[in-house]
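The letters A, B, C and D name the chains in turn, as written, and every chain counts its residues from 1.
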Amino acid sequence: MTDAAATSPPSRRTWSPRLVSLVFVTVVVAVLPLVFPSNYYLRVASLVWTSGLAVVGLNLLMGLAGQVSLGHAAFLGIGAYAVAIGPTHLGVPPIPSALAGIALSALVAWIVGKPIFRLKGYYLAVATLGFGLLLALVLTSESAWTGGPDGMPVERVELFGWRVTGALTWYWITGVALIIGVALALNLEASPTGRALRALHDSEVAASVVGVDAARLKLTAFVVAAVYAATSGALLALMNGFVTPDTASFMHSVEFVTMVVIGGMGSVVGALVGAAILVALPQALTVLQEYETAVLGLLIMVFMIFLRQGIVPGLIGLFRGMRR
Amino acid sequence: MTATRTSNAAALEVDGVGISFGGIRALDGVSFRAHPGEVFSIIGPNGAGKTTLFNIVSGLYRPTSGRVRIAGQEATGLAPARLARRGLSRTFQNLQIFFRMTAVENVMVGRHMAEKTGFFADLLALPSVGRQNRATRAAALALLDRVGLADLADQPAGALPYGALKRLEIARALATEPKVLLLDEPAAGCNAVETEEIDQLIHAVAEGGVAVVLVEHDMKLVMKISSRILVLVQGKPLVVGTPAEVRADPRVIEAYLGSHGETEAARADR
Amino acid sequence: MAEFLQFAFSGLTVGAVYALVALGFTLIYNASDVVNFAQGDFVMIGGMSTVFLYATGVPLPLAAIIAILTAVIVGLLLHRLAIEPARGASPVTLIIITIGASMFIRGVAQIVFDKQFHQLPAFSGDRPIEILGATLLPQSLWVLGGGLAVFVALWLFLERTLIGKAVLATAANRLGARLVGINTAVILAIAFGVSASIGALAGVLATPITLTRFDLGTIMTLKGFAAAMLGGMGSPLGAVVGGLLLGLIEAFGAGYISSVYKDGFSFIAILVVLFVMPRGLFGGRSVERV
Amino acid sequence: MSKLASRLLGLGVSALAVAGLAGAALAADPIKIGSVLSATGPAAFLGDPEKRTLEMYVERINSAGGVLGRPLELVLYDDGGDANKARTFATRLIEDDEVVAMVGGTTTGTTMAMMPVFEDASVPFISLAGAVEIIEPVREYVFKTPHTDRMACEKIFADIKARGFTKVGLISGTDGFGKSMRAQCMAVVGNFGIEIVADESYGPTDSDMTPQLTKVKNAAGVQTVVNPGFGQGPAIVTRNYAQLGIGLPLYQSHGVASKSFIDLAGPAAEGVRLPSPALAVAEKLPDTDQQKPVVVEYKKLYEEKTGQPVSTFGGYAYDGLHLLVAAIQKANSTEPDAIRDALEATAGFVGTSGVFTMSPTDHLGLKVDSFRMLEIKDGDWTLVETGG
């Protein structure tokens, strides 16, 4: 994305790659149901959209601001458990619960992010990892509230007496959420805030001497990413009708980071491709039975070795190279 | 700028600054004042502590001793971003370019403090954001024009030659509308024509009322452009004076210029 | 007193295993800035290979040696086939490659070996040693002794041998090392090999106590990484102290406070340490160079 | 760029389509049975024997002529222990593979996540997971084969009571199995006049439990210790227990009723008691036991085929598959609703876990007495006769 923007000629056309990405995502979401043979495909696509939403958010933190979080699934967990705990234990309807969960997730990100973002590189990674593990531990241990390691059911959403259910309904809900998420991310990327974040990624020192408040901006990106993740978590829980602490697990966090990097850091479309690959590939690889884990690991290595910028930026690069 | 100013306030005042790294005194008792409109240069052999001094003044290092004041106000140990708000900006000896952005975007980042849109406006891409982007871009293009890079504006910064990057850094620093500008070897790696252009640029910036503090190895440039010069040797101040005084000072010739420097200073004289 | 001592024994034994994994992290990080997320899988390879060789009748010491060599070969292959071709890629890219490698190793292990838990007989019997009312298994002494021996051997290797010094030089300044004629690719390969052998040794020593399974690597990587960061990434002393400290915090936390939040205490401790010392206990202060 | 990306997406979609098709083209008109198991991941030691058992018996049933003259087709997916993945595979079984029933769900977490899919689609689902919540409250289409953890607690406490103990120390795993069983034990302990005097836990990947056991040991008046848990934890607990020389009777759960537990725990396992299905003591059952032929045959076949000791988890899969086959035969139909009705009417079915008799209010159909109390003696299981 950044690459495309970088080489496009002057002022008036700077908006266009942004629009292209948005239109592309919208068209994909709109057209897929026409070609899908069964609800199962809708289910897989809905999972790609929800994961994609979280990854687009994480990409703002990793791809734009250049900060790695190894505990991002924790925010997914906050969103997911909010819609589980709210209706079950507190009598709050699902949608207000979801909004409360998203707000809580932003608040937690802000409180946790303040001290954590004084750390750099791997130290930041291990601090976010620690935070994620602590949250997952709470979700697993406080069985009275969370149902413990086996998770808990989530009440179905009811809107004006209409029970929100069915694969196609959820496909559209998650698809629209994704499109909104992508649009906002693209807006941010092209704004003064986004510019400052990108600057931070390349040289924090240079950004700070021109007045960019690095700590505040990183915190902003962290909070935004947390909001995306919590939204994704709430959608996932409502769609599944069930949550388990796996949602917030370390492995899930690692999966999100892998999605960002594989698709291509800094690229919104890349984030979606990353999510699509890691969600859909295991579905396709089931034919390999027990070789699945090994093949998936092998594919991740091969992708990263040959397209080290990530799939989308890497392929764009290859494509340009061929044309020359 | 609300607090009382000390009399005869310098734009930048460095008072007895020193710093130690792991017990080694890298800088000791350095003091100087730079006034609006002047070019104040700091010279010295490699390892004299010039860049370290810049890093203290710009808030990257916290000094072990001494004070830094900007426009008469205490500024010791403030974070770089806060110093920038006080009107201090700088360039870097080892380039700190935003390599993944275009040249003009690099300068646009320099306009960060002047940008008025809020976070939520940015998120929703309100019309004000579009207007702000256009205004920022126009200002950045004007600055690129000023440093002679207008036709490279939309090139990725990573693809620009070294000399152009040096000037790009100056444009980015100028974008903050600084009161004090620290330039760390702006002419390094530039050919004669480019050096001449930088000379004129620095001159014009100072003319505009900015206090320019310059670290530079090109003696010819330094002697020609500076109003006063501080000579640092092994982290300690040796002399402060006009180019003529410095050139004439035997301690400088002995301690720093040496036989090689002597000829260079002589050449600069011609 | 007996209780305190018992917790300490438990913490030191587990901590020594963490320390060995952390040492492996440190070695590779020093030579390449890469954090190898497949580090824990070397522990699994060491343990599982020994178990399966021993089951086919190979004597235990020989099985252990073959297992360690297997891990070294895997480590060298990992470097040659996955890290070396991606040279110059960003640290995040390299991390993802090692995560992929870890999945691959785990995936192959569950086919080559199996998915069940396995154990090895203790090297010097199961009779616990009683000390002031607390008990210690002889195998714990093997683990602690092994940890100490590896630390000393690593120190001698780095300080007293030419190759070791080359590793240190590469860690300090890669470009400089290359300029004085050090082949940094070879150094990196050595780092992967040695680090794999340390991990595998930990697996062999610990299996009689902790048991082993094909996916043991994940938790080992997590704990070893945490220990290395607690001690300060890049410092061998930090790795050892970090590992032992982590083990002790877990044991005392479980013993004196709450066993439910045992893993929580160790990460709270890490967060607290990092807030006070942003580069870990022995990470040293780095000055940003601009 | 958009072209490229769309082509990429097209590739992805066709890959999905291929994967979907791969399962389809087999023998004429087979009966499709679905299964989602945790054959890899942290619960692999449960899911793996289940998978092997299902594959082995589907093959045997088919070579013996199938069911209703039609072959069985097993559509098997591995969820890696991830509930979200399990949910997706459940949808795939219903929507894409159109199975008539499902035998699977290795853990309580994955089972709970999949249940709504089968309930919504009105397709019977026989779960292989332990927790009592799966069948309480009764859900129309959900059944299960393993004893509930509550039964295990009751069996253990009855034995403890019979031995005259009243003060119990508890140390449980924090995985789903351990936590669920701990909760059930806490719920029923009062009925036996027994008091819990210590309540410790350990994580599923912990490698040393001496601190927790030291606390249990020092708890006032503790007379015996119970360890709800499965996987490596109980083996390590047993070893640490011996290391600390605690010397009180130790009870494990049915989660480790397999020969491999004795191997892992070594000599420390001597004297350990646990409730278990008949499978663990197959050959030692009296000839009059109606389960004997079933468990002896299953054990022999499984161990020959896989070279690994038989486990109760594989036995749950055996029971699930055979309950289903019996129901299909009885219903003489492959209509999910007919199968469901036949399953609910199961009576006197002899499986590895016991004799199943289901009803509209009982979708498990086992009683506490189908558990046997075992004790490890000389490195092998022996039956204990208790008054409980």
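For the reader, a short list of remarks on this structure follows.
Just so we're on the same page, contacts are C-beta pairs under 8 Å (C-beta built on N, C-alpha and C of every residue); 3 or more make two chains touch, one makes a residue touch a chain.
Quick caveat, the model's predicted, so the values are computed rather than measured.
Averaging C-alpha coordinates per chain and comparing to chain D, the farthest chain turns out to be B.
At the centre of the protein atoms shown, by the Cα-centroid criterion, sits A. A straight line joining the Cα centres of chain A and chain D is 35 Å long. Mean C-alpha positions place chain A and chain B at a centre distance of 41 Å.
Between the CA-based centres of chain B and chain C the separation comes to 47 Å, rounded to the whole angstrom.
Rounded to whole angstrom, the centroid-to-centroid distance between chain B and chain D, based on C-alpha atoms, equals 72 Å. Listed for chain D are residues 39-40, 174, each touching two or more other chains. The set of chain A residues touching two or more other chains comprises 141, 205, 290, 292-293. Residue positions of chain B touching 2 or more other chains, listed in rising order: 60, 92, 96. Taken together, the chain A residues at the contact with chain B in this complex read 2, 6-11, 14, 184, 187-188, 190-196, 198-199, 201-203, 205-214, 220, 224, 266.
Within the complex, the chain D residues that touch chain C are 39-42, 44-45, 48, 174, 200-203, 205-208, 210-212, 214-215, 218, 231-232, 235-236, 239, 242-245, 260, 263-264, 266-268, 308. Across the complex, chain A is touched by residues 35, 82, 85-86, 89-93, 96-97, 99-108, 110-111, 218, 222, 225-226, 229, 233, 260-261, 263-264, 267-268, 270-271, 274-275, 278-280, 288, 290 of chain C.
Residue ranges of chain A in contact with chain C, taken from their complex: 62, 68, 115, 118-123, 126-127, 129-131, 133-134, 137, 141, 205, 250-251, 254, 257-258, 261-262, 265, 290-301, 304-305, 308. For chain D in complex with chain A, the touching residues are 1-2, 4-6, 8-9, 12-13, 15-20, 22, 39-40, 77-78, 80-85, 87-89, 91-92, 94-96, 107-109, 112-113, 116, 120, 131, 133, 174-176, 179-180, 183.
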